[in-house]
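You will see two complexes here that share chain A, one where it goes with chain B and one where it goes with chain C.
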Partner chain A sequence: MAANVAIAGRLRSVRRLVFLYLRCLGQQMKAILAYEADFVVLLFSAVIVQFTGFLFIWTIFQRIPNINGWTFWQVVMMYALIFVTEGVGSLFFEGTWRLTNLVYTGQFDQMLVRPVSPIVQVLASAVGFNGLGNLVTGFVLIGISITNVPVAWTPGRLLMLAILIASAATIRVAINLASAASAFWVSSPWSMVPMFVHQLSEFAKYPITIYSFAVQALIVVAVPFAFVSFFPTAYLFNNEAWSAIGLLTPLVAVYSLLVAVWIFNAGLRRYESTGH
Partner chain B sequence: MSGLRKYSAIARTSLEITFLYRTSFALNMIGSIFYVFAMFYLWQTIFLGSPGALGGFTWPEMKAYLLVAFLLNALMTWFAEWNMSVDLREGRVATDLARPMDFQASRFASAVGPVPFEFCSAVAVGAVVALMFGGIALPADGAHAAVFLVSAAMATLIKFGLVYCVSMTAFWTTGTDGITVGRAAVQNLFSGALIPLIFFPDWLRAVAAVLPFQGMVSTPALIYLGKMDTPTTALMLGVQALWAVGLILLGRLAWRGAQRAVTINGG
Partner chain C sequence: MPLIEARGLTKKFRQAVKEPGLVGSLKHFFSRQYRDKIAVDHIDFSVEAGESVAYLGPNGAGKSTTIKMLTGILVPTSGSLVVDGLVPHEKRQQNARKIGVVFGQRTQLWWDIPVIESFNLARDMYEIPAARYRDNLAQFTEILGLAEFMNLPAAKISLGQRMRADLCMALLHDPRILYLDEPTIGLDIAVKDSIRGFIRSRIEERGTTVILTTHDLGDIEDICKRIVIIDNGKIIHDGDLAKLKDTYARDRVIHFQLARPPESMGPIGAGLPACEITTDGLRLSVRFDRFKLAAGEIAAAVMPHVEVVDFRIDEPEVEDLIRKVYLGQLSLSPDAPQTGVLAGA
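Now for the complex of A and B:
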């Protein structure tokens, strides 16, 4: 009985967090939509970035049939997963990119006096509408990719696709949150650590079999970008050597999220407001 | 003469600021090196799979091409562009308007100041990458190396002209992040920074030929590798010069229009 009450209380507080997160995010969206030109430009630029990237891969495959056995549409899938997850990160969790500035200017103090988890407040503190462009084009590319690969798309496999995309996005947001927490350690107006970590995703746009062992270890174990694109693709397209590891993606997502929250909280404990 | 002195002071200050933020500068450069590494591994795999030359490029030539592209992209980095749009957004441009200086020239000074530092850092980083991947093709001879440096200088002029024009849009939109990202993407594709233009199908190459971007990477890189005969080289240098002058003049025109659009925070 007591356990039930505790669980109900837990659920209520989670529901409340989600509600508050959505309210904050909604306010940010209104703020951005006020600048219509910026909104259109951001959306359009994301589409251009993806289109030029797609043209690049397409041009390469005009010359060669495959890269280490990976075909054009399989590589497009990896590429699209990087952009879809980036889109989720920008559209819903852009706040991670603002944390350094919030800490530097002292605005982060405001979040600490409110009775809501600072993580939720940080995540909801900004919206990146370029994410919408990334999401839409990324999903279009995924759609074209799965129709061009000789794999039977049973309902089970489609469900797995959805689960893998959700897991990949979670990993991406966890990586962003963890690297943003560097703001608690550095004391400059802009930390380059998040951008630095973000750049590692470049490696995940292509099959990891092309890299040396050190690079593979980096993006599989240290910063698990390989689980954002490569392993899910390997699973979905029945790659013999790698598909089994793809099944671990949801577990890696949970693990990444726990580690990210732990790093954030460790940073929070050593946080001293500006002026001290 | 004192006219030049004030601009060289700006250039020096800009270089000092870059030194001040050297950690950020280094991290930024290392960050972009991941991309270069990814490209090296990708092309290495492609060349291993199809021995010989691809699109007329041998593997050592392709390595040299990728590093020249990295070097040219490292000059006049986003620092200059970022400062400009932030200055506009925060209203600091009002101070610039009050100064007895040509706005474009002062912007050029602040963009060009860190270039020697950026050049040396990029060459050092590029040398390490080159060693890791077993060396690269060197310039065909001394003359090619000299012409390459001239062409690279014009490439940075084009880059300045373009970035200046693009940042003028900040007078009409409030943020330039989107425009910056979009510009970089288009520039990377059509300058040949992602892939030599020779790999493009004809229709895409035709598009690249009429855009200013090829002068930013492709022309200097092909001169470095000695891929163009003398008449073609002369023609392409001329095209570079035309784009550099054209974009800088266009920037001056845009600035005149922009002054009318400027609204400073707070009235």
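Now for the complex of A and C:
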């Protein structure tokens, strides 16, 4: 009985946080949509940038039929997952990119005097419409990829695709949040840590088997970008060596989120505000 | 039991010691050196529910740091702090429900969205019951005159409008404690009056406890009964405002404008032995203790000897009093009562 009450309470507080997150984000969206011209330019430039990247690997595959046994359309899936998750990160969780500035200027103070988790407030503090470009490009590439790979797309497999995309996006946001929390340690207006970590995702656009052990360890264990693209792709396309690990992706997502929250809270204890 | 209780409350910051220039930065990168800055140094105080306290001190004295510890933003280095039964930094969100915060230098409103939408977000965050929200919003809008800019984003309204909106948002959830950090900074007289009047009405109607930091002494006289002064991280005075004035602002100066320069000061001085008398051309000034003599007695002693055209009396202002405390010219320790230091010139 007591356990039921506790669970109900927890559910209620999760529902409240999701509601508040959507409320805040909705307001930010409204504010941005007020500047329509900006919005269109952003969207347009983002799509162009992503397709340039896609043309680049297409050119490479014109000369090389496969990379370490991975065909062109399989690599496109890895590429697409990086795009989609980056899009989700910007569009819905752009706030992680603003944390450095919030902490440096002391504006983060106001999030600590409201009765809502500061993590939720940070996540909902901004909308990055440029993410829409990545999101659209990514989903188009996923669509093309799955129709060009000889795999039977049963409803079960499509469901798994959805679960893997959601898990990959969660891992991406967790990585963004954890690297943004570096702002609590590095007091500078231009902390390079989040950008550096973000650059590591470039590695995960290709099969990890092409890299040395050190790079593999980095993107599998330390900053698990391999679970954003490579392992889910391996599972979806029945890669013999790696598909089993791909099934772990949802667990890695939960784990990444917990670690990110822990890092954020550890940083929060060090927060010193500004202008004493 | 007091609503707020601080014992030995201390906050140290670590500051990087860096030589100037690129070389200095490089050196710092390889061998880091830090020094501790003690912003708040073992302070003790308690505040009862319903009190209104002015928390004063020169820039850098530790005021904002104390407020940030009280609100739960900063974690104290040592000492204990309990606010309405909670340790603020441990239970930030629970504490946040019971307090309202206005930082004059920074807005709590969402920058890009209409003011009314900020209020609605606050309603959802604080889970304010619908009826109470409606009543409070209607009442505050009326008193603070918010209607004209309610639909504009915070980015598009003036500083005075922003402060009024901020104050409204801080109080929508009927907090027990209101923290105000320089709430009237940069505002014109009319807005200051409206803000002060509103805060007073909260104190009187709801019994809200108010902790106020300011450099504007008008704020204090209008709102607070008690003043606490902090300097170099230590509390150097804590007491009643009226008593402070009576103790340290006893002197008055009466200035007489004369028709002719006085022939001799002897008789006037003889009639007023406890006073300090100065002359400057056609002006004669007498400094006196207002608890020992009345202005009329001074006039009676002066008038028979000179022809007075006009006169005025200078009263010491709280402002002078505080300024002298900051400058170290006046010690507020109870063992060293001082008189004669103050009085308008």
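The working rule: the second predicted complex is superposed on the first by the 275 of 276 C-alpha atoms of A that agree within 3 Å, B and C clash if a C-alpha of one lies under 4 Å from a C-alpha of the other, contacts with A are read in each partner's own complex, and residues count from 1 in each chain.
One rule holds for everything that comes next: contacts are C-beta pairs under 8 Å (C-beta built on N, C-alpha and C of every residue); 3 or more make two chains touch, one makes a residue touch a chain.
Please read all numbers here as calculations on a predicted model, not as lab measurements.
Asks: Please work out whether A:N265 is in contact with chain B alone, chain C alone, both, or neither, and reply first, second, both or neither.
Replies: Neither partner.
Asks: For A:Q110, using the defined touch cut-off, is the partner it touches chain B, chain C, both, or neither? Pick first, second, both or neither.
Replies: After superposing on A, A:Q110 lies in contact with chain C but is clear of chain B.
Asks: After lining up the shared chain so the two structures overlap, which partner does A:T147 touch, if you call chain B first and chain C second: first, second, both or neither?
Replies: Touch partners of A:T147: none, neither chain B nor chain C.
Asks: Of chain B and chain C, which one contacts the greater number of residues in chain A?
Replies: B
Asks: Would you sort A:F44 into first (chain B), second (chain C), both or neither based on which partner it touches?
Replies: In the superposition, A:F44 contacts chain B only.
Asks: Quick one: is A:S13 in contact with chain B, with chain C, with both, or with neither? Answer first, second, both or neither.
Replies: After superposing on A, A:S13 lies clear of both chain B and chain C.
Asks: Give every residue of chain A touching chain B within the complex, in rising order.
Replies: Checking each residue of chain A against chain B gives 35, 37-38, 41-46, 48-49, 52-53, 55-56, 59-60, 62-64, 66-68, 130, 188, 190, 192-193, 195-196, 198-200, 202-203, 205-206, 210-212, 215.
Asks: Where on chain B does chain A make contact in their complex?
Replies: So the residues of chain B touching chain A come out as 21, 23-24, 27-28, 30-32, 34-35, 37-38, 41-42, 44-46, 49-50, 54-55, 172-175, 177-179, 181-182, 185-186, 188-189, 194-195, 199-201, 204.
Asks: Applying the document's contact rule, which stretches of chain A touch chain C when the two form their complex?
Replies: Of all residues in chain A, those touching chain C are 16, 19-20, 23-24, 27-28, 30-32, 34, 106-107, 109-110, 112-117, 269, 271-273, 275-276.
Asks: With touch defined as at the start, can you tell me which chain C residues reach chain A in the complex?
Replies: 11, 13, 39, 60, 62, 64-65, 68, 71-75, 92-94, 96-97, 99, 101, 103, 105-106, 108, 110, 112-113, 117, 121, 124-127, 153
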